[in-house]
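Letters A, B, C, D, E and F mark the chains as written, and numbering starts fresh at 1 in each.
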Amino acid sequence: MTVRHLALLPRGTVRALAAEDAVAVVPIGAVEQHGDHLPLGTDFLVVEAVLDRALEQLDDDDTTWVRLPTMTFGHSPHHLFTAAVSLRPSTLSDVLADVLSSLSQTGFRRIVIVNGHGGNDELVRLAVKAHALHTEGTAAACSYWTLSAETTADAAAAERPERTPGHAGWFETSLMLAAHPELVADDRPFQPSDPPPLFDRSPAPGLTVERYGEWPRVGGLTDDPAEATAATGRLLLGRRVAGLVAALRGLDQATTSAPGDRLPSTDRERGPHA
Amino acid sequence: MTVRHLALLPRGTVRALAAEDAVAVVPIGAVEQHGDHLPLGTDFLVVEAVLDRALEQLDDDDTTWVRLPTMTFGHSPHHLFTAAVSLRPSTLSDVLADVLSSLSQTGFRRIVIVNGHGGNDELVRLAVKAHALHTEGTAAACSYWTLSAETTADAAAAERPERTPGHAGWFETSLMLAAHPELVADDRPFQPSDPPPLFDRSPAPGLTVERYGEWPRVGGLTDDPAEATAATGRLLLGRRVAGLVAALRGLDQATTSAPGDRLPSTDRERGPHA
Amino acid sequence: MTVRHLALLPRGTVRALAAEDAVAVVPIGAVEQHGDHLPLGTDFLVVEAVLDRALEQLDDDDTTWVRLPTMTFGHSPHHLFTAAVSLRPSTLSDVLADVLSSLSQTGFRRIVIVNGHGGNDELVRLAVKAHALHTEGTAAACSYWTLSAETTADAAAAERPERTPGHAGWFETSLMLAAHPELVADDRPFQPSDPPPLFDRSPAPGLTVERYGEWPRVGGLTDDPAEATAATGRLLLGRRVAGLVAALRGLDQATTSAPGDRLPSTDRERGPHA
Amino acid sequence: MTVRHLALLPRGTVRALAAEDAVAVVPIGAVEQHGDHLPLGTDFLVVEAVLDRALEQLDDDDTTWVRLPTMTFGHSPHHLFTAAVSLRPSTLSDVLADVLSSLSQTGFRRIVIVNGHGGNDELVRLAVKAHALHTEGTAAACSYWTLSAETTADAAAAERPERTPGHAGWFETSLMLAAHPELVADDRPFQPSDPPPLFDRSPAPGLTVERYGEWPRVGGLTDDPAEATAATGRLLLGRRVAGLVAALRGLDQATTSAPGDRLPSTDRERGPHA
Amino acid sequence: MTVRHLALLPRGTVRALAAEDAVAVVPIGAVEQHGDHLPLGTDFLVVEAVLDRALEQLDDDDTTWVRLPTMTFGHSPHHLFTAAVSLRPSTLSDVLADVLSSLSQTGFRRIVIVNGHGGNDELVRLAVKAHALHTEGTAAACSYWTLSAETTADAAAAERPERTPGHAGWFETSLMLAAHPELVADDRPFQPSDPPPLFDRSPAPGLTVERYGEWPRVGGLTDDPAEATAATGRLLLGRRVAGLVAALRGLDQATTSAPGDRLPSTDRERGPHA
Amino acid sequence: MTVRHLALLPRGTVRALAAEDAVAVVPIGAVEQHGDHLPLGTDFLVVEAVLDRALEQLDDDDTTWVRLPTMTFGHSPHHLFTAAVSLRPSTLSDVLADVLSSLSQTGFRRIVIVNGHGGNDELVRLAVKAHALHTEGTAAACSYWTLSAETTADAAAAERPERTPGHAGWFETSLMLAAHPELVADDRPFQPSDPPPLFDRSPAPGLTVERYGEWPRVGGLTDDPAEATAATGRLLLGRRVAGLVAALRGLDQATTSAPGDRLPSTDRERGPHA
């Protein structure tokens, strides 16, 4: 078996796997309001759904993936106006630094954070950058919704990038209907805001705009969850799973100890290095 | 049903329960080496075993208990010499402060932390003290192994206070054999240290003694797990569950909104207030 | 005149402008190695070139833009292996929080950070999010290279997204040849790395990958600056200036006190709100 | 003479003593309200009384004890509602870390903190744990009221564990009548609270319960000081002095350089190592 | 009596004095090497000598001075190469902020820090500035050696400003011979350094110059203590006591509640307000 | 040429200069209200005027001076009542530590901070002390107004030490009239406060006194700017330039690698080393 749960293994096994270049996988989500129809745990439930399906598909390759327990709490101060369990940015940065440092001390030289919550995105990327400055090995991070790969034409056609991921709307509700239908309320009223939330509809691409009181003003949702369906959710989920599988395989190949095996790099993804 | 999982509920339900004086319950454990026979997650697995059994017994009373997802990572720097995922003391303090603050902002007026790891003990107690200084309501904390109540004469007779909790020895191994036997290795070799670990066998009651390098010197265990049995584990577990039930009921009654119903206080427990 | 320099104005004028809903504009760059052909100040010099050209174009509208002195130092720890003046992430976060808070206390209700350095990107976005949680008004942030608008067909055709922004390569060298040709060395040798830098060529879109020692390994450049020309630089610069003008106008219109004037929102830009 | 005051010695003597394995002794108390009959300095005055008597009894053995000036300020935020000089938990943690680090840099390999205030208890224990993780030698900590040893049958009979230490009640008032009678007011009115303070009378053993506003509600005292007498105080003091003498001797013997001399360990005291 | 010791008073008296506009006086020193002839506690012993003599002289006026226990530890990292108990700058800043905040919460509206150690000078001045920004009342700070007033012509003639205060040399040794002769060693060898210590002999007035390793290089003393005498020490001490008396009287009069009584200000002292 | 601008140089040149023992020069000012007649940037504009004139005069010697971009923001919380961009003390300390550390990592062994704002004075001195404790080389700091040297008898005669530097009064206004007359308003009304500001007119030399609300009470100026003239400003500026030239030359000679060349030390300047 190539997928293992770190917390269920004794120390000797963990250190042996790390010494054999296993990849430690750290899922992180959030606990925060997702409207009246989705549970507070939506973000960690979805990232677990994506990750665990991806790890199943990776179970037949030569690499061992050591999955950590999900970090359920994330950075959600903008949802405390109703209901959330939120870490401050500095707290979450410290947690991530400690987790990465612990894994390195335990012997891991390859670590990837798989994120399920928008409010964590900058922080997980900063965390791996800071870690790799001073620690041997490779640290990586991604947010599941930015990853998608070819699955079927239907799946590609189902995408609505302008509503992805949004918050508690079409995208997330579809995913939850696919992954945890029993936790989704049937009744999903939505009152569109006018103007729509600035944080979600920026007046210009690339411009982050944050206005005081915007989340309460729009009621905590970005778009209408009414059109969400389980069938759509399965298509969307499939593409993210495929995307994560590709990302994890790519990471594995790019950082394996035998550098000759590396995949050709792609020009599609460029970090901000100005 | 009176036991609910916070992460599986939508925001409206959570706020309504908080407004009805439900008690938020925050389990915390650790991920750290427990010898070659127990998994890294032992501390959170055991505290979950104790807590979930206790909540089942509380399921028939009038109070609603809102259980949070378990905080799996704790303060375990002394185990990083082999394998652990450890938060620094300042990090864990910040996490606990943020969680308590979030729960208060979400409306909870009664919160209790149930701890499964010795290295967290001081920090969870400090956290509830700091929180209650400036926030309305009541915050409480306990470590499961200090709680025990009358169950059966057999259970009481099974206790070996000098090995409780210890680390990865008789007590914890017994509990794991009762709660998660599939995760316990059959082979449990133990080499007693001479002298025994100072942190575990203080030269005087009440004196904390920490010597550099002591955990590696003794191999990471405090006492021999060989005598541990599932039967003993069930007795020990039963007493902690009963103790936690009593503690949670006591907390509930002492802090319920109708103060006339309070139980007589006991002289058995006194905090340090010199 | 509608563009003013905060540091050159007396207090009364500053407070009056803030009261009239002027927008405070905070440029930030970096001081870090840019190969042997570009100066350490490249990032702040370029963001100043973009911003000051954009402000000239905005000089005829009804809104007053109050430009702050450029924050020259940014978050550049990955360049300390040769030469940089770098702030730690926590330091820069504190600086940004203090600047935003100061501007709010001075009366500004609209603030935008214009960033010229990739290493600052996450931090400036986090800063405006944190600020707007607790402070009246709107705070915005952007990185200049992500902004581009229609200028000419030639300009659009000149783009090479796979080398934008990169570090000290085609894109930045072109911009510096357009803005500060006297600071660019004629001799620009480049030795491609094999494999190319992981941080720049991720094995998967959306995956941040950081490997220890990668910047020194590749010599501090991402791509060959040899093909850079002043003519290309002028085209690229023109598109970023136009993009920033559009972004600033969009911000102005979306947050002006008379909400009826707001531009229709666009679906093109969505923040991460999963 | 084997008891020395660090602050009264020149540097050469201090370093020579440290090199000869002297034990540095760090007393810490608090400055906080103790009702209308005891002075604010009660906690440091009592711990000094216990410690200096203990050091007198240790003056004839082979070990040198190097006493530091008393740290008079402790962690007393719960007393700021009337009168206190209190350090925040993070401040006191930093102070303790700095003091321990300084002593190690000055050459000491054995350090013990002797605490006189309940609010410091967790913090001094955390401090020695953190210090010993990374620094050669041994660091220890105790709170004087938890230490008691056989003195006379009368002394043992005088104990009232349910009122020890309490705050400004029977126990502390008795000790002050023995150690500093001139600082104790004759008039000691007490109004029992109903219900008694939750922090002092927990509904369950081992459960820390903190309720907002509890200290002001009960007037800052835990129990009636009226029955306190100087004679009782002398008995109580004698037992704590004997307990501290035993603890310090035990520490000395357990950590002396010649390990063959170590005392048999005791099973009576076990730290929390779950 | 108008001089009172805060730690020896019960809460009611402390709050009453604060309400009557008493001035809280906070002495702070250091514990650090002072050569082979002076004890580590020299700085706090001297500041106590100055302060307590000054308070005796103030004992007949209408103002009550409430003296706190001396803060013995200061900021002395430059002396850890031999022997010191030093707080980091951030730790000492936090301690001072906590002490000032506690005194304000306890009711004091006038507080003065009297400092005996050069390494604390900037930090105590920063502390009172920060405190007074947000807290009603007045906070003041001084270092005893900068204060001197007319005493006798002999005393004035005895001054050697170029050796004041220095470290463990003529000035401090003279003061200790006057205040604590039993703690001063007869043998006081001194080896002048060439060049003399840069931190003590700056190449230009007003320029602080710090060179790595300078304190160990010069052996921890700034100038020859051989010429120090008790008679000189008494003269020097007398002038500082007189200076502190004048400073405290000046502070009292400038901040007393009846503003009409204020002394004319002097042009002699100007803070840096560029 | 011996004066170079760090931000305009490529990495190779910077490292080569550092290796040749060039001195890095870090100017710092502030952005804060200076009455209704001077711009917010007065402090950084003046320190730049002093520094750049001084560097011109140093342009003919053997030492290379590498000037950094000016740090425009300083520690100005006392001016936020009207208009300022202020860093908290801890933020500025972190910035200074990062800048010093970066310069050392980039190869500089000699660094000097030249300060133009009173509120930064303690912090820049603390920063160089902290840096030099653990880093090879020399770090120095000064505030320009404390430096003056012989220029002409007229210049010396023009000094009014009791108004130097003050805030936005005679001294600063004169300097701005000399350096940036176009930024000084003709109309300069002043209403003297009674009593004058305590922070500026201490009741005793050497005593820092800070009273809540004092800056707003006196309107943000310390003394009347009416008498300021450009001619006086030129004289004052000339003396500060000469003083800074002397200080930089002195620093250079005292810390050059050939120690035999050192200037005789002076007794005029003594740091506080009690």
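Please note the rule applied: a contact is a pair of C-beta atoms (placed from the backbone, for glycine too) under 8 Å apart; a residue touches a chain by one contact, two chains touch by 3 or more.
Quantities reported herein were computed from a predicted structural model and do not represent experimental measurements.
*Asks:* Farthest chain from chain E, going by the mean of C-alpha atoms per chain?
*Replies:* A
*Asks:* Where does the D-E interface recur among C-F, E-F or B-D, taking recurrence as more than half of the contact pairs being identical by residue number?
*Replies:* Interface equivalent to D-E: C-F.
*Asks:* For chain A versus chain D, what separation do you get between their C-alpha means, in angstrom?
*Replies:* Whole-Å distance between the two chain centres: 49.
*Asks:* Could you state the distance in Å from the CA-based centre of chain B to that of chain F?
*Replies:* Chain centres of chain B and chain F, defined by C-alpha means, are spaced 56 Å apart.
*Asks:* Would you give the residues of chain C that are in contact with at least 2 other chains, written as numbers and ranges?
*Replies:* 90
*Asks:* Going by the defined touches, start at chain C, step to chain F, and keep going round the ring. Which chains appear, in sequence?
*Replies:* C, F, E, D, B, A
*Asks:* Under the touch definition given earlier, write down the residues of chain B that touch chain D in their complex.
*Replies:* Those residues of chain B that touch chain D are 43, 46, 77-78, 89-90, 93, 116-119, 121-123, 125-126, 128-147, 161-167, 171-172, 195-196, 198-212, 214, 222, 243, 246-247, 250-251, 253-255, 259, 262-263, 265-274.
*Asks:* Which residues, counting only chain F, touch chain C once they are in their complex?
*Replies:* Spelled out, the residues of chain F in touch with chain C are 6-12, 14-15, 31, 33-41, 44-45, 68-69, 71-73, 80, 82-88, 90-91, 94-95, 98-99, 102-103, 105-107, 183, 185, 220.
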